[in-house]
Each structure stands twice: as structure tokens, then as C-alpha cells.
Amino acid sequence: MFPLELTDIFFYIVASMILVTAIFTIIVKNVLRSAIFLIFSFVATAIFYLMLHAEFIAIAQVMVYAGGVVIFVVFTILLTSHLGESTLAIKIPRTFVAGLLSVSFVFVMWRFLLQDLSLSTALPAASADYASLESIALRLLSIESEGFVISFELISVLLLVTLICSITVARKTRDKK
Amino acid sequence: MSSRKLPPGFREEVLDSDTEEYFVNMGPQHPSTHGALRLALRLDGETIVEVVPHFGYIHRGIEKQAESMNYLQYIMLSDRQDYLTAIQNNWGICLAFEKGLGIGVPERGEFIRVMLAELGRIASHLVFYACFGGDLGGQTALLFGFKEREMIHDILDEVTGSRLTTNFFRPGGSVHDIPDTFIPRVTSFLEHLEKSMVDYERFLSKNIIVLERTKGIGILSKEDAIAYGCSGPVLRASGVSYDVRKNDPYGIYDQLDFDVPITYRGDTYDRYVVRIAEIHESIKILRQCIKLFPEGPYRSKEKPSIRLNPGSYYSATETAKGLYATYVVAASGDKPYRIHTRGPSFANLAALNNMARGHKISDLVSILSTIDPVIPEIDR
Amino acid sequence: MMIPSVPHPLGDWVRQMIPIPELAFLANALICIIAICAVAIGSAPILIYMERKVCAHIQCRLGPMRLGYRGTLQTIADVMKLLFKEVYAPSGADKFVFYLAPMIVLVAPFLVLAMIPFDHNLQVSNLSVGIPFVIAVNGFGILAILIGGWASNNKYSLLGALRSGAQMISYEISFALVLLFVVMVSGSASLMEITLSQSGTILDWWIFKIPVLGFLAFIMFFISSIAELNRAPFDIAEAEQELTGGYHTEYNGTAFAMFYLAEYINLITISSLASTCFLGGFFPPLIGVEAVDTILLKVPGFLWFAGKVVLMIWAYMMVRWTFVRPRVDQLMALEWKFLLPFNLLLLALGAVYIAF
Amino acid sequence: MKQPEIPISPSKYIKRYLKRCITGPISLLMGLSVTLRYFFNPKRIITEQYPENKKTLKMHPRYRGCLELIEDENDENLCTACGLCEKACPNASINILKTKNIAGKKVLGQYLFHLGSCTQCGLCIEACPFGAIRMNQEFELSSESVDSFDLILNKKEGRG
Amino acid sequence: MGIMNAVPGILDPIPGGKHLVNMLDYVTNWARANSLWPLTYGTSCCAIEMMSSSMARYDIARFGSEVFRASPRQADLFIIAGTITEKMAPALQMLWEQIPGPKYAIAMGACTISGGPFMYDNYSVIRGANTLIPVDVFIPGCPPRPEALFHGLLTLRDKILSETFRDPWKEGIVIDKPYPDRWSEATKAWEELEKIKDEEMAEARLKFKEEQPGYKSPYKALRVAKEVFPEIPHQPKPLIGLPANTIFSIIKKNFPSVSPFDNDPSEPALMARPSDMPLDVLVSKEEYVDLIQFLKEDPRTHLDYLIDVTAVDWIGHFDVITQLMSIEKGHKLFIRLSLPKDDSIPEENRATSLLAAMPSIYHLYPAAEWKEREVFDMFGIHFENHPDERRLFVDEDFKGYPLRKDFTHPHILKRPV
Amino acid sequence: MQFSEYFILVFFLFLGAFIAACAIIIGKLLGFASKDTKNKFAPYECGMETYGNARIQFKVGYYLFALLFLIFDIEVLFLFPILTQFKMIMAGNTALNPVIVFANLTIFVTVLTFGLAYAWKKGILKWE
């Protein structure tokens, strides 16, 4: 039974966009170009999240991944070496192993997810505004059992550790001079 | 690393750096190299490791051409060396010729010379103000500086008949007397200028961005300034009080009362301060000249053809950029055997690499603009 | 089910006229697109003309005078000329990326423009996550400049791109933090609700409502938005005196025009954001005196909005033509050592203000 | 050369930092006050509108524009073709082409002036003993071809 | 290739198409003619007038041309402001090629039309920009006033408005002919005309002579009375720093072989030297560096400032003159080194080879680096121990040394008068 | 439905790119090409030929700023949902305790501010 609703058509368009850009990310030989395709892929994923009414996750996807991580990656590409223009040498054994891995991954996905057809018709476990801004905010700070206040505080510590680590690394390179 | 072939002009020195050095051209067509100067930069990130200026993009063979021109015709070429201070160049050349001819200048002629030269100095410093502001990124300062300069050039236009390449002085005086309107025009202009300078100084001098961009940047020590043969405001900003007008006076500068502004840190900001102070000193000189302006002949007796007594003659003047020295070797005939001019920009620019090393590209631009070079004067 | 929320009589009328919801949605979307395009592309030449006139008058000159009445047609001629200019990429350039950059640079301004509430019922899309959305989308501008500068295969471009990349990501933090302050005091991230929270007299605008803090936040927003816009005095990416053209050195013709266009649409979006968040959006500046207020209320809201936007743009222009450009390291120091700590302090003070 | 930075104590650093926070904005406002004053005062505009003000635009009497021969109403000039201006010209922009008149005397045939290379230095005028030439106030001389810059200044042969 | 060039071919056969083409013509030309963005390119004096024209007083913005682009990729108009030298020419051509079409060029000033003041006796200046790139409008003047530049802009505007799609803009062809020696050409042509005229007139003149044998022209040219000015002798300024004889005695004590150049070494003669003419001493090549070092370090003379290093070519030998000054005391000293030309070099190579060598004083005065390079470049004098001896002003592969008296260059055009 | 709010934005996502693409194609079609020469396509470097590769390796310092940006970006992201509700929480309209929320937030921000202060002290915030 092929879905004829506009939402479904839209879903397939976005899904194929993700697929195509993801594939391009891998097969394009220029690293900077694959970073660009990665952005398209991230943005398309964000649209997916929006379709699931998870606005906050979608915004996070765009802000942190498309706007933050990819720019970080592009910076890294531009800064580290001539990677930006030279093409990556693809080694055969590695390709072979990677191919094997992906094939097995597809197999597992197919075996465990698509076998159970009830999944496609299953009701979402969460309520409609589960991923809304408001509910996320309240659960982040809640000290109840379903609250995430400890993780929230841990994030700040994690970020601090990242910061200190990067400072240490940067200082090391500076002191070497 | 050192086996790598460097572009011409760079010294072999291996930099201990984890990043790659690279080479960028600035010029000959670049908005902030003040003409056809080409700077080859060796960069590490954005930090300058070495600056190598390349000259000759406007080398016009003036010295060679002078050998086949007569003395009067050469004055025309001196306009085109430092076109911002053309009138002062005329004076420098004429001084050397007067020595060779053994003639002097009447008092009124001297006053005309001083007044026009000081107007030229203000004009040149205003161009400096404009370019300095412009090179720091403030387009409005660029326009402000040129606004008052236009008035000076209007006055020069009226007196000499040309805005820029004046060709006005001759051995023994000048081509024309000044018109009657000259004194009142200069008087009203000075009043206007003083009012505008208040605005202009408020606009740049205390601005925190300008201070941050210029203080402690491009420091030229006193010893280096002398060793590199710098002159003019560049030398005076480094704490050396040498002004040809004061230390080796020519014309009637020894009768006039003026100060030589001098600062001691020798950074970009000091060079700016010195030039602004010099504008005020020039205003002072002009005011005195207006008060003392004598009647009488404006030039000495004209000779039908100018032939210098054989020998070599040296004259030094202080143009807006610094020590402008002319060395004339005269043999028989009405053509110079050799004329050599020592442009101040040439020597001042020699200190650029010393000043700019270790700074950013943006600083190089501001340092260059405070050296205030005029490239045709360097290349000749 | 899929009907764009165009809460506007026109939208409702379209929905009534076209019974099929999908088609009605598309028709409404088309109307929105046309309207936004008209606003964005139509106002860019006007702004360029305004910029030229403003800078001319600061500099004691006249600006464009000879084409049309006092040079009004000048920018039209510029746009048309750019259309007839040759477009080419230099030989060393990565052509795909080279032409992609001007496309990406225009994504963000149009997306943000769709979120701006021009009037009570003039808003294309009212998101509950409006402000984070604006911040997230702004990142595309950085990306365009980075890849555009890299693709040009030019040292000036790369230097400019890296400079501006570093500058824009840094200022995005304080830009976001200031908007966070507004979100905190107004209690909503939706742009429409932020505007509505400022209804009342002029003293209810966020710039005045919280004593001192509001004004400080506005100044912070102003500074960081100049950097986000890449405009002078923070235009180190272009830095004509140093890098000739910065990241767009190698761009020509219409490709270059797109960067130019994006700059001016960005100017509109950021000014709109400023007037929405701080200057009461489409509300008139009521002063509490009834006789005056009734007159002020007669003027439609979008005109008030446009007036505020023009005022903001004028302020940006005055700043642009007044100050000199800081050096790149000073710019970064300003962000990390001045704006960011002050922003965090502001946020804390704001929280205290709300809590007590 | 960039001077190495002298490390300063934290208290001094903070003092300097705070001082900058206060003086900086004030200095910026001072700059802004200048531009605001200029912006709101249209009287300061000094622009001359060139093609529109052609009628009132007058060069100064000494302005050196294009060379011309002083001619009376009969197109008679004062030039005697002595060639002094030709010699005085630094780059041979003046070309005096002499001819013989009916009495066999050398007179001016054509006063050829190469405007394209003239530097408007005025040496020719100083050199002329007869006051036959002057520089007019003309400055609108641009042209699409170089050949149009070879001007013949005299309309008639010289007298004598 | 744009499709617009094909427009007339498509539209003309359609009825009314011609009007459409004309309309399109007008619109495109209108846009182009009124939105000329110049490239910031200027080399010398004309660049300053070009800047002036964009400033408040003249304001090129009124024409919509204030958008000076630093990158040629975004410019339409190439205002060539200032002298173009042979070293600059390739860069200029490259910049022109990098401007995307349609593009226009204005040659501003005498230098770009014909070489201007540097037309004759010059080895390095290109005589006319239109020998390098196609130029649309020429503006004479040296430099032209800003108004003249605007007149040039208006001329260009008229030219652009007269373009059509049927005869579209195309990159002009470079005139591959250098600027002619117009003076000589005109003289030659005139002489030929004169010859014909003489032949034609011979009869009439004879007749005239017969008719009026004692004819005397009634016209007598009047000399303009020149103003009389008094004769004023040159008065040197008072002496500054040490007098010449003191300096000379200090030198003499340590370097007995040094002698004054154009003066006899006796005390009264040195005293009589005009105070504004610095002492000029002749020194041998061996003592040159030692003498300068001594003078720099001796506290009495303390000549710490290098004014200049220059040379004179006296056919048989070179004179290298090092001009020194003391900043604090103010006295100057010229040190002259007479370098004989190397005779071992065969005649045909002399023009292109180094003819003399002398020690460098770079280690004493860093300022000497470029000045010695200039002397090397212009005279072909080699400096020993110089850190970076390259050509300074002319190209690396330039043949010959320009300031030598026997220098010849194919580019030079002798001034005919 | 909320979804429709976003759906129209998808159009706008492509709008800018579409306009730019159109403009470039129009420019390509309408432009009057000049003669294709080697110099025309050479990279612009003030009229001189370039030396070496234009795509050069840069300093690691730039990279550090990108990392700093990422860290603070994430901080902003987490603060957003909370601060939208901050007013409500403080007013006591939610189930949460205002004091605990305030304390939590203070800890979160203070920890990161400490990171910034550390970086400042270590002299990392200096751009080179």
C-alpha cells in the first residue's frame, strides 16, 4: 500500500535526499566537498526531526551539527594541510573491510527492524509535546526520577574538560616554539 | 627546509615553525601601497616574517633624462618625483642651481617660497592624514583630509597655474609674483583649517581603535632611525630632533619662529602625532609670513640661459617627507652633467622591514602609511 | 492538514477560494515567497542608494546625482550592469564550490526574513523556536564565506575567509547570548510573542523596560551584529586596504552581486531582529498621552516596523562610516575578553532581576 | 620590529582593562559626534557639480590649459617662427613648421602643437620673446583618438 | 560568449523586432554607461588627481563611479592614471585581461597618451597605454584636472551609448605600433610639402621680387618688455658644525693620503670654501671603509648619518660619492672614491658588464644597502660584501647600466630639438 | 498542526539558493565575454604571478577558536529551552522549585565561565 498523502511523499523526498547526500559525502574525493554534502545531509535530517515534532532536536541538529561541527570540520580541513584540495588515496583492503561492514550492517538492520512490520504502524511511545521546547526545559531541570538535572550539570563539566584539554594541547604546541 | 627556493630578495633563514610559510604579493596594484610599490611578504599565518619591497614599477629614468635636458627643463621633472610636495622639490632644485649660478633671491621671493612650501607641507600632511585614516579602514577620514587639501590646491592653482605639478620656482625667485588675492585667501584658509583640524583630531587622535591599532606598532628606535638614514617625521618621531629647516637652514627659515615637534617612542602613533603637530607649526609659520610679508622685487635678474659654473653643488631641503637633497654635477654647457636627488621616501622605506617584522598584515598597512612614501620619488 | 499558517485575511481568502488544502497551501506559500522576495530584493537597491547618500553626506559630498532625481536610478543601473557582466571562475578554482558559495550565502537571510513579524498578521511562519532558529541558520553565512574563499584559489581570499570565519563564529556566541537575554526576559523564543510582550507604551520596550540592563543588552546586540554582518568597522573579511577584496576577490558579475545582495538583506534581517527584540516591533512608540497615542495608533504597524528598521540601518551606516577597522586579533579580544564576559554577566543580572 | 610584551601584574591588567572599558566608548562617541554633525549639516557640502556648473566654472587666469596663439580679429598672430618655444619645450610638443612667404622671408607656416605629450609646464610661454603664445583656460580636451591631439594653432601664415 | 550577441540575429526577422533590439540596446548601454566601477590603479601624479576627483570637492559619486574596486574581477573601467614603465607593462596587461567584459579603459594624462614628459631620451617609459591595451578615451593634461577626468568620463559615456548589439562590444585590438615620433614625422611631411610649395611658388616669388625689388614688410614683431629685476649675489648661510679645515686635519692625522677633491689642501683655501659646500675628500679604495669607520666612531666628527651614495661617470673613470652627515653637529662630509674602469673587458661586452668594484659599507650603515644597490643598478659598479646585490629599478634581465654615459637602449628616442 | 509552520520554511530554504542560481545562470547567459587568455584565469595577486600554492596550511590557533565556539554554542543550546521557561519557573507556575532551578543554572553557567577565565589566564584568547 503506497502512501499517497503529501506528508508521506515529502517524507520520501527528504529520506532520499539524506541518502543521496550521505552517499555523496562518502564517494566524493575532495574532502571539502564531502563536508559540504555532510551539511546537506544534516539539514535534511533536521527536516526529519521537524516532521517528528521534535523542534528542539531539529534546531540542535542545525545549530550544533550543521552550524558548529561542520564549520569546525571545514576549519580543520583548511588549517591542517593541503587536504582541502588533494584527493584521498583509497586503499583496497580498507575499502574491502568497510564494504563488508556496511553490508553486514544493512543486513542486521533489515533483519531486525524491517522484519517486524508492526513497527511501521506502531504508535509513538511519547506524547505529542514530548520533544517540545517546554517539556525539554522542564525535564532538564527536574529533580524527579525522569528529570535530567544531573546530566545537565555533567554536560557543563564535560564541556569544561574539553576546554581545558584543548587549551593544554594548544599550549603545548605554542611552548614548543 | 632551507633547500627550498625562495623568491628573489628574501634572506635565507629557517624559521622554526610548525606551520608553512608562504609568500604573498602586495602590489604593484594594491589600494594601500600608495602607488606602484610592490611588497613581497613572507608570512607565517598572518604574521609577517619578512617584507621585501620591489621597486622600479615606476622607474622613469629621470636622472638619465636630465642629462639631455637643460636646467630649466629639469625643474619640470622635479615636480613629478614627489608630486605631493612638488613645490618643495622645485625649491630644492633651485637652491642647488642658485649655488652654481651664484645668485640669490630677494626677500619677497623668499617669503613667497616659504609660504608656498608650507602650504605644500600642509597639503602633503593632509594627504597623509587621509591615507592614514583610509588605510586603517576609515573611509571618512580619507575624504576629510582631502577636503582641506583641495583648498590649498585651489590657492596653488591661482598662484602657479597648476594644481599639482606647479613648476613655479626658478633660480633666483619664481615665475610670477603672487596675486593680490593670495594673502587674504591664505588668511581665511588658515582660520578654516584650524577649525577643521579640531574636528579631524577629535575624529582620529583619541579614538580607542586608532590608539589600539597604532600604539606600540612599528617601533623604530632612535639608533635604527639614524642607521637607516630616515628623515623627516619618521626620524623625529623616533626622538631625533633633526629638521633641515632648523639645523641647516635655507631660505628665511632662520628668521622665523617655529618649533620642531618631536616624540620619543617611534611607533606608528608617534609618527601620526608628529605630522599633525607639523601642520600646526606650518600654520604658525604662515601666520608669521603674512605679518612680515615685504614689498619689493620677487626675483633676481633673469639670465638668458642658465649655465652653472663647473663643479658639484649640493643642496638640502626639508620637504614634507624629510631630507630632500640634490646633488648637481655641472660641466660646461647648459645641460647638467649629472643630477642626483636623494628622496626621503627611499631611505624611510628602508626601515620598513625592521618596523613591520612580527606584526600583522593590517599593521604593515598602517606602518606603510605612516612612512608616507611616494613611489615615483623612490624610483625616479 | 498542511496549510501554512498565514494568519492574514489574504491567506484566509485563498483558503476559502481553493477548496483543496494542498493547493491552497501552495498558493499561500507562493504569495509568501513573492512578498518576501519583493521585500528583500526590492529593498536592497534602495538600501544601497541610502548607504551611498548617507556616506556622502557624512563626507561633505553629494553622492549619486545624475541618474534620475538626485541619483535615485543609480543602483538600478548598477544592478542591470552586473547582469550584463561576464561571469567566470579563475582556472585554479574549484568550480562547484565556487558557484555554490553565493547560493549558500543567500539561504540564511531569506530564511530569517520568513520569521520576522512585520505586523500583527504579517508573518510567514511563527515558530515557537524562532530565536534559536535564527541563530542556527546564521551559521550558513559563515560557511558560504569560508568555502567561497577557499574555492577561489587565491591567497587574499583564503586569508579573508579564515579571518571572517573566525570572527563570525566568535561573535555568534555573544549574538546568541544577547538574544538569550531577550528570550529570558520575555519568556518566549517566538518572535511574535517577543513582540507582543512589548505592547504598551514606549517604556514597555525591552530596551527601556529593564532599567540599564535593557539598554546595555541593546548595545551588545548592536556590536555583535555588526560583526555578524561583516560590515565596517568589523569588515576584516573584506578589508580592502589589506586584502583587496577578501573572500570575494575572485568573484565577478552576478556571483559577486549575490554576496552584495546577501549583505544588504542581512542588514534588513538583523535590523528587523533588533527592532523586534528591543524596539517593540510593530508597536508604535506610545507615550501614554491619549491625544498623541490615538494619532500614532492610526499609522499601520508595518510602517512603524519599517521606520524602526530604517532607523537601525541608518545607525549601522553611521557607525560604518565613522570608525576605523580594528585589527583581527583585537577583534577577537573584544569578543572573548569583553563582550562574552559582559554578556554572561548581563545574563546573570537579568536572571536576578527576574527572580527577585 | 615587534617588541616583546612586558608581563604586567594582574591588578594592573584589570585596572587597565576597566579604564579602557570607560575611555573607549567615550572616545568612540566623540568620533561619532563629528560625523553626526557633518551628517546633519548640509551647508558643509562643498561638491562642485561639474557638467552642470559649466557656465559658472572659471579657471584662474594663470591656469595652464591648452596652448594657443594670440591672434587678433583678422586671425593674424604674433609668431615670428623663431623657434625659442620649440627649444624650451622639454619634450618637443611644439613643432614650428616654417615656410617662406611670397617675399622669400621665413615665416610661420604651421604652429603644430602635440597636446598629447604637452605637460603644461609653461616654459614655452616664458621663452617667447614676442608674447605670441599663451595657455588658455580650456580643460575639456578628452577625445577618443590620439590623432585628434595634433593641433594646428594658427589659422593663417605668420606675418613678415 | 553571451547570448545577447545573437539577439539581433533572432529578433530582426520578426516584425517589430528591430525596435525591440534598439530598446534592449538602449537599456543595456544606459546601465553600462552610468555604472562604471573603476579599478583602483594609479602609479603617479594622475592617481592623486584621480583620488581628488573621488573626494568631496569633485565627487565622482555623482556619476555613480565612486565604487572603486580593488579587485579587477569586479571593475568595469580601467583608469590608467600615471606613467607606465616597461616593468609595469605585464602587470597592467594582466590586470586588463582579468577585468571581465564589457570593460573600458581611460588613459589619463600625457604619460599614458604618449609618454608625456618622459617621451624622449628615456629607456624605461612606455610611450602610450594604447600600445598595451585598447584605450577608449584619452585625457590630455599633466595631470588632468578632476573636471577633465569627468569630461573624459562623459566622453566615454557617449561612446558607450552609441554601441549597438549589431556592432556589439568586443575586446578591441591592441594597436601593435608604438607611439610614433610625431614631431619628426610632422617635420618630415612638412619638408616635403615645402619642397612642392617652393617649386610651385618659385615663379610667383620671382615675379614678386621683380615687381617690388626693395620690398620690406611693414610688419615688425615687437619684443615684450620684460620686467627688470635687481641682481642679487648668492649669500651662503653661516657654517654649521665643524669647519672644513678642522675636519680635514682630523682626517689627515690618521689618513695622510687623503686629499680634498676640488680644492687645494692648504688651510686658507679650505677656510675660503663656501660654507654651504661640504668638504669633498678623495680617498683610495683600500682606505675607504677604514676612513668611514673612523669618521663614524670618532667623537669629534661622529658622522653617523648616511645621506646618500651616488656615482658620476666621467667617461674614463667612475667617481663614487658617499655623503655623510653628523646628526647632532650638523656638518657634512663627502667622501669620493675614484674608480678606474676595468680595461680588461673587451669593447663589445663593456656596456653590459660590471666595470669596477669597491667595498660596501653596509655593515656600518644599513641605509647603504639600497643606495649601493642603486649605484650597482645604474652604473654597474660591484660592491664587495653587499648582502643582496640585485638590480633595483630595472628588470633582472635588463641589458646595460643606464646612467653610464655610453649607455644605449633600443627604446630610447632622441629628442629632435 | 505545528508542522505546517516549518513546511513553508522548506520553500524558503531553497528560495535563496534558487535565486542565486538563477542570477548566476542569467549572468552566464547575458554576460559579454572578453577574450579568453591565460592571464584572465590566473589568480589575482595584484597583477603579479603567484608564488606557491594558494591553499596553504594555517595556524592551529584558528582551530582552537572553532573549538571554543563549539563549546559555547552547546552551552547556548542548552540554556535556550530553560530560559524560555525561566520566567514561569521563577513565578512558581511549574512543578519545579525556583531556588533549585536557580542554583542549578548558576552552577552550569559558573562552570563554563570558569573555563573561559582559565583560557583567558592561560593566554589562549590571544589571536596570533
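Letters A, B, C, D, E and F mark the chains as written, and numbering starts fresh at 1 in each.
By our rule, contacts are C-beta pairs under 8 Å (C-beta built on N, C-alpha and C of every residue); 3 or more make two chains touch, one makes a residue touch a chain.
Bear in mind that the values here come from a model prediction, so they are computed numbers and not experimental data.
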Contact-richer chain pair (by C-beta pairs counted) among B-C and D-E: D-E
Innermost chain by mean C-alpha position: B
Remotest chain, chain C as reference, centres from CA atoms: E
Between chain C and chain E, centroid-to-centroid distance (C-alpha), Å: 50
CA centroid of chain C to CA centroid of chain D, Å: 46
Interchain centroid distance [CA atoms averaged], chain C/chain F, Å: 15
Distance from chain D to chain B - Cα centre to Cα centre, in angstrom: 20
Per-residue multi-chain contacts in chain D, two or more chains: 28, 31, 34-35, 45-47, 49, 90, 119-121
Overlap residues in chain F, where contacts from two or more other chains coincide: 2-3, 6-7, 13, 30-34, 40, 42, 44-48, 50, 53, 55-62, 66, 68-69, 73, 77, 80, 84-85, 105, 109, 119, 128
Two or more partner chains touched - positions in chain C: 1-2, 58-62, 65, 83-88, 127-129, 132, 135, 150, 155-156, 158, 162, 165, 169, 189, 240, 244, 249-250, 253, 321-323, 328-329, 337
Residues of chain C defined as touching chain E within the complex: 52, 56, 59-67, 71, 73-74, 76-81, 83-88, 240, 244-245, 248-253, 256
Chain F-touching residues of chain B, taken from the complex the two chains share: 7, 18-20, 22-30, 38, 44-47
Chain D partner contacts - residues on chain B that touch it in the complex: 69, 72-73, 76-77, 140, 147, 150, 157-162, 165, 167, 175-176, 179, 199, 202-204, 206-209, 211, 216, 219, 354-355, 357-359
List of chain E residues in touch with chain C within their complex: 2, 4, 27-28, 30-32, 34-35, 55-57, 59, 61-64, 66-67, 69-71, 73-74, 76, 100-102
Touch list for chain D against partner chain E, complex: 45-51, 57, 66, 78, 80, 83, 86-87, 89-93, 95, 97, 99-100, 102-105, 109-110, 112, 114-121, 128-131, 139-146, 149-150, 159-160
